[in-house]
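Each chain carries a letter (A, B, C, D and E) given by its place in the written order, and its residues are counted from 1.
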Amino acid sequence: MNILLWLIFIPLSTVAVLIFCKDRRQYRVTSAFGMGLQLLFSAYLVFRYTEERNAGNAEPMAFMYSYRWFDAFNISFMTGIDAISLSLVVLTSIVAFTGILVSWRMEKLPKEFFISLITLAMGVFGFFITIDLFTMFLFYELAVIPMYLLIGIWGSGRKEYSAMKLTLMLMGASALLLVGILGLYVYSSPDVNILSFSIYDIASADIPLEAQRFFFPLVFVGFGVLGALFPLHTWSPDGHSSAPTAVSMLHAGVLMKMGGYGCLRVAMFLLPEAAKEMAWFFIILTTISIVYGAFGAIVQKDLKYINAYSSVSHCGLVLFAMLMMNQTAVNGSVLQMISHGLMTALFFALIGMIYERTHTRDIRFMGGLMKIMPFLGVCYMIAGFASLGLPGLSGFVAEMNVFVGAFMHTDKFHRTATIIAVASIVITAVYILRVVGTLLLGPLRDGHEFETGDARWYERWANILLIASIAAIGIAPLWLSDALIRSIQPIIQKLQ
Amino acid sequence: MEQVLFYIFAGMILVFSVLTVTSRRILRAAVYLLFVLVAAAALFFLMQFEFLAAVQLTLYAGGIIVLIIFSVMLTSHVSEKLEPVKFGKAAFAFAASAAGAALTVYTLLSYPFPEVSAAEIDTSMKRIGSELLGYQANGYALPFEVISILLLAGMLGVIIIAKRSEK
Amino acid sequence: MINDTYSFTVAIPLIVFFSFLIIGLGFGRLKPMVSGIFGTMALLAVTALSYFTAYRYFFVDGMMNGSFQKFIAYDALWMSFTDSLQVRMGVLLDPISVMMLVVISTVSLMVHIYSLEYMKHEEGFSRYYSFLSLFTFSMMGLVLSSNIFQIYIFWELVGLSSYLLIGHYYERPSAVAASKKAFIVTRFADFGFLIGILMLSGITGTFDFLKITDPGGSALTQGSAVGFMGLSVMTWSLLLVFAGAAGKSAMFPLHIWLPDAMEGPTPVSALIHAATMVVAGVYLVARLFTVYVLAAPDALITIGYIGTFTSLFAAVIACTQFDIKRVLAFSTISQIGLMMGGLGVSGYTGQEGLGYTASMFHLFTHAMFKALLFLCAGAVIHAVHTNEMTGMGGLRKYMPVTNFAFLIGCLAIAGVPPLSGFFSKDEILTAALEKDKLLFAVQYAVAGLTAFYMFRLYYSIFWNSDRQYHSKPHESPFAMLFALIFLSAASIVSGFIPFSRLVTPDLKPFDSHIHWAVAIPAIAIAAAGILIATLMYRKESGLPAKTAAAFGGLYRAAYRKFYIDEIYIFITKNVIFRYISAPLAWFDRNVVDNAMNSIAALTNLTSSRIKGLQSGQLQQYAYVMVTGVIIVVLAALYFMNA
Amino acid sequence: MTLDQFLIMRHELLIIIAAVLIVIVELMNSDEHKERVIPFAVMVFLAVTVAGFLPIDTGILFGGMYRTDEITIMMKNALNIGVFIIFLQSAAWLKKHKGTFRSYGAFYFIMLASLTGMQYLISSGDFLMFFIGTELATIPIAALVAMEKARERSGEAGVKLILSAALSSGITLFGISLLYGSSGSIFFSDIARSFAADDLQILALLFVFAGIAFKISIVPFHLWTADVYEGAPVSVTSYLSVISKGAAVFILVFLLYKVFYTVPGIWMNVLYAVSVLTMTIGNLFAIRQQNLKRFLAFSSIAQAGFVLLGIICGTQLGFASVVYFLLIYVFSQLGAFGVVAAISNASGKENIDDYNGLYRTNPKMSLVMMLSLFSLAGIPPVAGFFAKFFLFIAAAREGYYILLLIAVANVTVSLYYYLLVVKAMFINESDDPIAKIENDFYTKAGLAVCTAGILAIGFFGTLFDYINSISYGVK
Amino acid sequence: MIEKIGIENLLILSALMFFIGVYGFLVRKNLITMLMSVELILNAVNINFVAFNRYFYPEKLQGHFFALFVIAVAATEVAVAIAIIISLYRKIRTIDVEKASEMKY
C-alpha cells in the first residue's frame, strides 16, 4: 500500500472501530489513539519525505500513487505530496489530535461526535494528499459536510443558523469551484479523449487566456470563500462562534487552509496567466480582508468572534501573499497557513477551556483569569503573541516572509497594498492586547461564579503540543522554509 | 356524394364537439359526444376502414358512452345544470386552444405532404386478422398481447377501487 | 570582518536566555529566592563576559590600522527570504555595541541585585526574574545584531519584555493599561520601522549592517532618486526607520507611553525605561549613522530637531509633575532627546563626528545616573509607600545613603562638573553650537531646566518639611544600597572615559577637549537652575504656587502634559473605536452578512411568490401544460431554427 | 419464432409469469392467510431480478417493434431492482392495510403489469409499443394511487393523475399521428431515416416530447407530480418517482439520440430552457414543503432538471452519465422513501416537523435517510456525488458552462432543503418524537439494499465504465 | 373519397376537434365532462391516423392498427378513470374538479 494511503486509512479504520465501541471511555481512547497514530505517522512521513528528497528525488511530488478509477472520464485517484501539502498534513494531524484531546469530556452523543470529527479530518487529509482535482473536490466536500452536523448538534448559540449558513456558503463556493474544475478538465488537453483531472497534466496544458479569464475567478473565489475572502467571509464569525471547541479548532485551523492551499495549488498554479492578470482585483479584496478583519475584531465582545475576525484578517494575509506571486511571499503564505492553523487552534482550544470554566465567552463579564487559571492564561498570552506576530513564534516568520515578499514589487499599487497590510500588525496588537488585558489581567471579576481549577492533563498536553509547534517554527524556521521553497518553485515558475 | 357526406359528417363532428364541451346539461353533453363518435365512425367508413368503424361504434359508442352515461347518472341528477364557466377561465382556455389550433393548422397547411397514393387499400377481415396475430414485420401480435395485460391490469385496478373495503 | 576569537560573545545573550528558560519554565516550582539568585548569578557571569569583551575590544585587539574594526563574532543563517535577503543571527562587535554591552550588563546586574531585596515580598518573584532575564537577553541580542532584521526581531522582543514587566502588577488596571499602551504605541512606531526596513533592504538588497553601512559600499549610493513627495527613497526609508527609533526612545509625539510605563516596578523603570531599552532608538540611529549622515542628511537633521524639541518639551513638563517617577520619566525623555539632538548635529569624519561621540557618551553616562536616580526613587518609594512628592519630605534624616546617592545623580544630570553628565552634555552642546545655533539655544535652555526640575525633585523628597508617615521611613537594606553606591561611583567616574578615542562615527579616534566657551555658560545656567530650585523648594513656601499661577495657562498645559494623552485617547477611543471599528463591525453584520442572508431570503420570497403556480387545480395544471407545449413549439419553430 | 428469440424478451416474460404466479398463489390461499403472498411475491420477484442479470442475447423481435441492446437491459435490471426494493418496502404497508385489500395479488399484479409496461416502453421499436407501454405503465398505477379509499387525498391524486395523464397521452398521440403522417411509418428506424426537420415534424416531435416530459415531470409539465405523490400511498409514490421517471428518461434519451438525432439544435435548445426551469422551479418549491412526500416530489423534479444536463450533451458520456445517475437515483430516492414509508406506516406522520428528534429514537433510519438525502444532494462520498459530478463533466465537455453555473447554484439551494430534513432529524429537539419503530424484516432489508447501493456504487469505477461502453451518442 | 376530398380538410377537422377537446378539458368543471373532452382528443387523433393511412400509406395498415389500439386503450382509461372518479365522489360527494384541490402549494 502506498504510504500516503495510510493517511486516509488510519482515520477510516478509527471510524470503523468507533462504530463498534461501547462507552464514552472507549470512544475517546479509540479516537485519541487513532489520531495519535496519525500524528506519529505524519511525523514518520516527514522523516521519509526528507529522506526521499535527500536521496535526490527532484520530482515535484513525492510518493506518487495513481489508481485508475473511472476510465471513461480518465479519472484517477492520484496522491502525492510535496513540502507544502506535507506541512499541512502535519498541521492537520496536530490539530486533529489536540482536537480529540480537548473534546475529552464530550457529554452529548460522544460516539457520533468523534465519528464526525474524524470524518472531517479524513476529508482534510485526503484533500491535502491528492493531486487530482476530482478526488480533491470529493475530499473538500467530505470535509465540509460533517461540519454541518458538528455545529448543528454540538454547537451553541445560534447554532442552526450558523451551521446552515456556513454549509451553504461553503457548498455554494464549492459549486463555483466545481465549474472551474470542470473547465480545467476540459482544457487539460486538446485531445478530448485524454482529458485529465491530474494537476500535473493540466499544468502542462496550454489553456487559452479567454478560458483562464473565465475559470480563474471561479476557482479562486471557490477556494477563497473557504479562505475567508472578503466579502464572502461572513460564514466564518458565525460558524466559529457556534461551533464546539474541537470543531472551531479544526475549522479555523485546518479547513480554512484548504482554501488557501486550493487557491495556490489549483487557481494560481493551473491558471497562471489569468492569475497575473486578475491579481490586482483580488489583492484589493484581500487587503481589505486583512484590515477589515482586524478592525472588526477590535470591537467584538465574544471571544470567538474576536478570533473569527482575526482569522479573517490572517487568512486574508495568506491569499494576499499568494497573489504577490514571488517565492518569498508565497513561502510566507504557506508559512502563514501553518502558523495561523496552529495558533488559531490554540486560541479556540483555550477559549473552549475558558468557557467550560466561566460559562461565558463575553469578555465584559470576565477579568483577571490569570489569577485562577495561570496555565491557561499563559497559553492564551502566548497564542496572542503568536497572533500579533512576535518574533520567536511562528506568526512572525510568516508575516515577515509575506511582507518582504510583497515589498519586492516596486510599483505604487503593490506598495500601497503592502503598507496597508503591514498596518494590520498594529491593529492586531490592539485587539489582542485588549483581550488579554480584559480577560486575563486586571482584578478578578465575579470569581465566585467561575469554576476554579486550571487545565487538566489532557488540556495541558493539547496546549503544550500546539505551543511547542508554534515555537519550533518561530525559533528555527529555516528547515521548514527551505523545504517549502523547493516545492514552491515550480508554482512560481509558472507565474513568472 | 362523398364530398357532401364528408362535409355533413365533418360538420356534425365539429358542431357536436363544440356542444359537448359547452353544453351545461351533462347528460346532453354525453349524447352529443355519442354523435361525434358516430360521425367519426362514419368518416372511417368513408375511408373504407369498415372494421375500425365497427369497433368505434361498438366499443366507443356502445361501451364507453354507456359507461359515461351510467357514471353521470350515478354522480349527478339528470336535471342538474352545470354552473356556467367563469369568463376569465374560458377566455384564457379559449385563447390557448385557439392559438394551438391556429399554430397546428398553419403548420399542417404549410407542410408539403406527399402525393396522395393511388393504391387501393385492403382492409379485409382476413388481412386484419392475420396482421393482428402476426409476429413478423407488419404483425401486431405483440401490442395485441400487451394490451391484454393492460386490460387485465385495468380491470383489477377498477376492482380494487370499486370494492368496498372490509370493516 | 569575521573574527572567531570573539565567538564567545554569543554566550552573552545565550546565558541570559537559558536563565530565562530555566526560571520561566521552572513551572513556578522554583523557590522565589532561588530564581532570584540564579538570575543574578547568570547576570554576573554575563557582566564579567561583557567587561572582558570591552576590555579586549577597546584595549587589546579592536583597533587596527588606526581605526576600530567591526567584527562579526558569530553568524548563523536563521531565515532566508531570497538568496540575497537573508536574516542571519549574528554578533556584531564594534565600539557602540561593545559599549552597550557594558551599559546593559552593568545596569541589569545592579537591578538584579537591587531587586533581590526590593521585590522580595512581591508575588510573582520568579516571574519577575524570568522576565528580567528575557529582557536582558533581548536587549543584548538587539545591540549585538549584525543585521537590521535581527535588530527588528529583538526590538520586538524587547517590546514584549517591556510589556510584561510594566504589567508586572497585572491585577492593577492602571498597570495593565500602561503596559498595553506601551506596547501599542511602540508597535505603531514599529510599523514605520518595518516599512523602513523593507524599503531600505529593497534599496540596498541586503539586511546586513556591514554592507549597508560600509561608507565605500554601493548600498549608500542606491535609492537617492527622488521617490515620493520630494524626498528620496533613501530619506523616506531612513525616516521610517527613525519612526521606529522614536517609538522606542519616546520621541515626541510617541513619548506618551513612557510616563505611564512607570506603573511597572521601579527597578524595571530603572533598567528598561531609563537606562537601556529607551535608548535603543538612539542606538539604532547610531548604528545606521553612516547611512544617515552620508545618504540622507535631511533625515538626520530632522532627527536633530525632533530630539531637541522633545527634550525641551519633556523638560517643561517635568517641572510641573508631582509623581517622582514621572518626573524622572520626563527627564529621561528629555535626556534622550538630547542624545538624538546630538546625533542630529553630528558629521562623519574626525572632529565633525563629535555629536555622535557625545551622544553615545551621554547615553553611557545617562544610563548610569538615571538608573541611579530611579533606584534611589525606588528606595524612597519603598520607604514611604507613595509616589507623590507631596507625600514626601525631610527624608534625608532617615535615609542618608540614599540622599547622598540621589544628590550625586542630580548633580550629574544637571551637568555639574566633575560629574559625568557635565562632560557628555558639554560635548553635545559644543557639537550643536558648531552645527546649528537654534538647536544649541534650545539645548542650553534644557540644561537649565534640567537642573531646576531635578533639584525641585531632590529638595521635595529629602528636604522640605517632614510629612506624616505611616511608619517611620528607614534606610534600605544592603543589596539595594550596594546598587546605589555602585552606580553613584559610576556616575562620578564615567565622565572621565575618553569617549572620543573609543566611539566615533568613522571608527577613527580623535581628540576632544572641554570647550570652556560652552562649558562655563552651561555650568552657569545649571547653577542658576539649582539656585532657583533651592529657593523655591528647600523649605516649604508659597513660592511654587505663585510661580505656577504666574505661568497660568502654560503651567496648566504643561501639568496636563500638553494634552497629548487626551489627543491620543480621542484618536483611539473615538476615531478608531467609535468611528472606524464599530461602524465596520456594524457594516459587517448588517451589510455584508445581510447581503448573504438576503440571497437566502430572496430565494424564499420567490418561492412563496410563485406558490400560486401549484394551485391544486387540475385544470390549471392542464392549462400550463398546454400553453407550455404551444410556447415551446412556437419558440422552436420561430426562434431556434435560425 | 423460436425459444431463443423469446428469451430476448426474457425480462417482460418473466415478470408476467411472476405476476400470474402471484395471483395464482393468492387464489390458492384463504383470506386468513393472505399475508403468505407477500414473501412469495418478494421471493419470486427476487428470482426475476436475479434472472435479469444472467447473460442474454440482444436483438429485434416482431419486425422491429421490440428491440433490446445492452443498455436497455441494464436499464431494465435497474428498474427490476427498484421494484424489488419497493416490494420490500411495501410489505409493511400491505399488512397494515389488510382491510383495504381484498387481495394482495391485485396490488402485485398491477405493479408488475406496470413494470412490464415500462420495460416494453424502453424496449419499444415503434410508436405503437411506445404508446401502449406508456399507458400500461400509467393507467393501472392510477388505480393504485387512488386505492387508499379512506383518504380523500388518495382519490384526488388518482383523478389528477389519470386525467392529466390522459391529456398528455392525447398530446403525444397527436404528435405521433403527425409523425406518422409525415414520415409514413410508426417505426423508429423509418422515422429516423425520413426525418427532415420540417416545421410539422418539429411540432410533432415537441408534442411527443411533451408527453414524455409529463412522465419525467419536467417543468412546465410537472404540476401533477407533487399532488399525486402526496396523495398516493408511499409505495406507489416511490414507484412513480423512481421507476416510471427512470423509464421515461431512458426512452427520451433513446428517441432523441436514435430518432431525432438529425435536429439536435432544436431539442438541445428546448431541453436547455426546460432544464433551467425544472431545476429552479423544483428547488424553489421544494424549499417550502412540509410534507415529506411532497418535498421529495419537488426534489425529484429538480433532479430531473439535472438529468437533462446529461441528455443535452448528446454524447456517449452524457448518456452514460444519465443512466448512471438514474441507477443511483433508484437507490437514493427509494432509500428516502423507504424511511418515509416506514415512519408513515408506523405513526402516520409525514411532515418534516414530525421528524424532529428522530435520531434519538430511530438512529438507523435517520442515518439511512441522511445518506439518501446526501446522495440526492450529491455529497461525497455517497454515490449521488459521483452521479451528479459525471453529469456535470459531461455537460462541461460540451461547453455548457452557463448552464452548469445555474445547475450548481441549484445544487446549493437543494442542499439547503435536504439539510432542513437532516436538521430536523439530528439537530432539532422534540418533546414528542416519533417513538421507536420496530421494522419488519422486509423494511429492514429494503433499507439495507438502498444503503448498500448508496454507499458502494460510487466507488466502483468499472460499473460506470461498463455503462459507458454500452452507451451511445448522437453520432 | 380520397380523390374528392383533400387531406387538408381531414387534418383541419382533426386539429379543430383536438383543440375543442383541449378547450373542454380546460374549462369543464365536471370530472366526467373532462373525461369526455379527452375522448374528443383521442378521436381527433384517430381521425388523423386513419386519414394518413388512407391517403398516403395504404400499403400497410399502421395507422389503422394504431387507431384500433388507441380505442382499446381509451376504453381502459375511461374505465379506470370513472372508477376513480366515483370513488372520489363517494368521499367528497361531488365531482367538481375545482373542489378536488385539497393538495396544493
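Basically, a contact is a pair of C-beta atoms (placed from the backbone, for glycine too) under 8 Å apart; a residue touches a chain by one contact, two chains touch by 3 or more.
Worth saying up front: this structure is predicted, and the values here are computed from it rather than measured.
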Touching chain C and chain D alike are A, B, E
When contacts are scored as defined above, which chain pair ends up with more C-beta pairs, D-E or C-E?
D-E
Taking each chain's centre as the mean of its C-alpha atoms, which one ends up farthest from the centre of chain C?
B
Averaging the CA atoms per chain, pick out the one whose centre lands closest to the mean of every protein CA shown.
A
Give, as an integer number of Å, the spacing between the C-alpha centres of chain B and chain A.
70
Once you find the CA centre of chain A and the CA centre of chain E, what distance in Å lies between them?
65
How many angstrom lie between the CA centroids of chain B and chain D, rounded to a whole number?
31
For chain B paired with chain C, centre-to-centre distance based on mean C-alpha positions, whole Å
102
Could you pull out the residues of chain C that touch at least 2 other chains?
600, 611, 614, 616, 618-619, 622-623, 626-627, 629, 633, 637
Which residues does chain A have that touch at least 2 chains other than itself?
168
Scan chain E for residues touching two or more other chains and write them down.
11, 18, 21-22, 25-27, 34-35, 51, 53, 56-57, 60, 65, 69, 73, 76-77, 80, 83-85, 87, 97, 100-105
Chains touching one another, given as label pairs in label order
A-C, A-D, B-C, B-D, B-E, C-D, C-E, D-E
Note: in the complex, chain B contacts chain E through residues 2-3, 6, 10, 13-14, 17-18, 20-21, 26, 29-30, 33, 36-37, 40, 43-44, 46-49, 51-52, 55-56, 59-60, 63-64, 67-68, 71-72, 74-76, 82-83, 85, 89-90, 92-94, 96-98, 100-101, 104-105, 108-109, 113-114, 116-117, 119-121, 123, 127-128, 131-132, 138, 140, 143, 147, 150-151, 154-155, 157-158, 161-162
Going by the contact rule at the top, pick out the chain B residues touching chain C in the complex.
89, 92-93, 96-97, 99-100, 103, 107
What residues on chain C touch chain D, complex-wise?
600, 603-604, 606-608, 610-611, 613-614, 616, 618, 620-622, 624-629, 632-633, 635-637, 640-641
For the complex, which residues does chain C have touching chain A?
28, 77-82, 85, 87, 149, 152-154, 156-157, 160, 167, 170-173, 176-177, 179-180, 183-184, 187-188, 190-191, 194-195, 198-199, 201-202, 576-577, 580-582, 584-585, 588, 592-593, 595-597, 600
Can you list the residues on chain C that touch chain E in the complex?
611, 614-619, 622-623, 626
